[in-house]
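For clarity, chains are labelled A, B, C and D in written order, and residue numbers in each chain start from 1.
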């Protein structure tokens, strides 16, 4: 039984880790960390967990936690994990960091986009970018996994095969992303109030969102060239789900079938990426509550562009589910353990 | 491995049966029945099931189905199951009927409220009302289980202990119920369009809803007297969830603690009924996607009334989950098999 | 042109006052008060008002405001208006108070339910309870109007004619109320976050909500007896709208037609109360954005109860619209001026 | 008093025409056309209009209608208006067609995208494309106005000044559009059911949506070149509102201020187009219920692209409001008559 500690267990991503781990047969939570609710019963913070979780919330103490846990999930604000991690901790427990601290190789890029100093750049080198479908073998050996962002997971998986195969002109790539509101976190902020979000859609962080360099870096590795993209997130009045609509000019004369064959070659044997049938557009509702990413696309001969679309649940494949998938790989478990949930509809 | 056939697998309750059974370790679906989608791939009707369910939809043929299945779920309109069932079928397969056909003992009451003739009243006698927490032992032996309605499950479980213990005046019982829209089914009807339901709340079926006599009958058994209630359902702009707010005059001088003790005595060892801590009101979101019913209450000394509240997911404990719970009992499996899903929040 | 000052113009009720007054032909706003946003452009707080309102927000200064305005709306927390008002102010400007400070005649009842000391009980006597349909003549002469609460307006108007005519047993009256989320205000509180409210329904303030004594007092005047009711508010995932479902035992043998005739006698010539056709249940969407209250009912001979239902927009007839209706009466304008908005659907 | 007839008054756009015309001081509706509800009271179809509209629905009879009305609004499916219009009708009444029949100059393009034969191509020449801000003078003289589509109005207004001024490379223009569900109409179709739309976002009509050639044609006139764009609509779980996010490569080295100046030059004196302050992104909620289009933009030096954003209410500026704006121009009324509604928030 793998012992799991969670720092930040009372945010939405932390709550989802707890929900999913309740159904994991080889892991148990030994530490429900929450600075905001120390000593409060976890089930009083999330009443869905009444009579399921009896534990109380613990203050943050990574040293003590490393003694008790085999793996630590940090579902915390940017900069926090980097400020806590050290060699001793890493020698005792593996870490899956759900924040951005170890996702970006170039520390100056990180500091520029996140406007904070990185407190432990010495670990960036060994950290593995935990997009399982792409870095599976590296994840298996990792002590420290940088769990990808929600927008990034969806954006990268959707474009990756075509970037890798040189099908699309990377300089033309535009990612128009739409997210449910749980991505904004559980902080009590006016713009996230029900009446502000409901019956409304808006773009935000235009040309400035922090997930941009992460997408660019990973798609740069895939395509073998420096990639600069337009990325525009939007806030949608729904709890969960991310949809990305990606536009790129085709570099080759390919048919709908050709492109389908490429996607299938990359994802045909993946458990958590579903390449939809020809002509089917992904919908966030079809993946809700599950670890799937659904992908569809359409070639537009009028513009010589391809429109690629991807959908996932931002709290599962975009956060907690992927973190568990990474944990499973790191500990030699079946990759899908705890994650075989069929999407919930409606 | 128990072989399951579903008639009406493409309605919302049918879809939920499929979702839940995907996680059941001792049952497999052998028949995806759907008159409306015969020969169509099930996953083309519910794309959340893409790459999870490969089967196509089958026409209705209960005879053939009874040959192949150990248990048949009928998630069909009122009158349909009663028109199909016969001794030969029942001798081969057990039936869990999610419609109202066998829920009401008095066939004239059924015919009056449902405005249809009952086609097989001879089986009403042996049918067991499948509210597991109340009729557990009878369910275990049943060939034919009448799976309770969504409103009824919630209404009955919430009042049952106090009705049984003679704490409340049954003639004063008022049930004000609120339901998510999936309870209205997947039929393409104007009143169920997004723009008609969204940003709206209304009562419907006032003093005339068909779940009324079902609640009255069961609470009549509990209290040992003839019960006539006011029951008012409301349509709420959300997908899932039922909340009931029940009002009754107290017959005895009881404290908040006394009543809590009664609820605990009835439900303390139940897996799927959670009696909330003192002062906590149930919320539908805390049970979403799960088989739980949450119950809370408040005594109001000013009016000498008690306000009881219950919440469940209408598609799970209010339909498919309870049906599987019944199946588990009928086949001697662990009652919670396939149903150990933590509620999803948010 | 009547000069209007608003204290608390950046809450949801304040914002609605501004919206409605933009269409009022005989009133203009001279003071956009907002302690939280002093010196900030009003249209930067509510961007719907961009290029419509150019003014900046003013700090609270009732003395200065009374010099400039003919009427002051206080859309502020409980206790605030009572702490500011004095004879000098009232001698210069009339006040329509949207808080509860002057709604309840018995100061001890106010202090018990609101848990605050009343700072100017000397004005309670002269304050007029501004439910225009009931107190029209008094409102016309008032200096200080206590604008009714949202739940109360709906609850009282729905039951008033039957209470007054002695048709219902007041001791059996139960009000089950459902409200959209704008009623909870624009404060940045966790329970009002989108993801906490969306896809969820719950009761709150059970047997303890502050609107209870206000309903009881007014229906007490109507029925001529002391009234004690059960009142249960619920939070519904929608922006606007209140629906009340009221239950009472009939004291007389009346038909559906009899009751309709009574309602028509009271409201037939009212512009903002619509008694619906027989059998039609009110829906909040049919009154959204307008000053209407819609009322329907159903007699249930099985239980000898009547179920009365009322719907209004909590920000309009439940707050800002009614406040303007009161202002119109106070200044001898046409009662419907600024309020002739057809409800918006969908 | 202008006499107005509406064909298709019971669809959502028709209903919005009725709502807005109730507040119009110089127009009255003389014909509530609705093939589906002939002889039914209009207020029984849209109960928000109870006691506001007393008329019953009329069958379609354009000849008879032309005798009674000064202007006819056709809020009908594609092809219908074209099949009814003739010289005699046009000689008696002006027509504002809310369908696509007269929006596209090249009849072969119309027939290719709409897959129907055009029944009266002889009137395409004289029809004026009713985007008031661009074709104001022509509208004033028109007998037949083609009221623009909802997506198109938003897409064109947002890009128009930059297209016209040669600031953006038209071949790089990508329009990613998001719409509320009322745009899908009031037909009882499964994909528009509450539970299918709610908590979901999807793209549809990818590279094939019928509004594409309309946008291309109008932006072609603006830029003076043939324009081919990518246009992707998305369905958003909300009732009203369209947001477009448009991407284009800059052809000139312009600053944020330069572009603001261009937008202001075009729209600074327009009543219904609001160019937002620098850095402010439009939100659909800020225009809900009103005739405004809000526009914002951001230059991204990293990609040398500009991201333009526009928002409107699809039923008002995207349909009924614009139709009335056109009517006002055609009859020499004040352009804003009946349309001075402040947006409703929340």
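Please note the rule applied: a residue touches a chain if its C-beta (ideal position, glycine included) is under 8 Å from a C-beta of that chain, and two chains touch if they have at least 3 such contacts.
Every value quoted in this text rests on a predicted model; they were computed, and no experiment measured them.
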item	value
Minimum number of chain-to-chain contact steps, chain A to chain D	1
Chains contacting each of chain C and chain D, listed by label	A, B
CA centroid of chain A to CA centroid of chain B, Å	36
Rounded Å distance, chain B centre to chain C centre (Cα mean)	38
Whole-Å separation of chain centres (CA-atom averages), chain B against chain D	46
Shared-contact residues (touching 2 or more other chains) in chain C	12, 182, 195-196, 198-199, 237-240, 283, 285, 288, 346
Of all residues in chain A, those that touch chain C in their complex	12, 181-182, 186, 188-190, 192-199, 237-239
Contacting residues of chain D [partner chain A, same complex]	174, 176, 178, 180, 195-196, 198-204, 206-207, 228-230, 232, 234, 236-241, 243, 245, 247, 281-285, 288, 298-300, 302-303, 305, 307, 309, 311, 346
Residues on chain A engaged by chain B in the complex (per definition of touch)	12, 15, 18-19, 22-23, 46-52, 182, 199, 239-240, 274, 276-277, 280, 283, 285-290, 294, 340-346
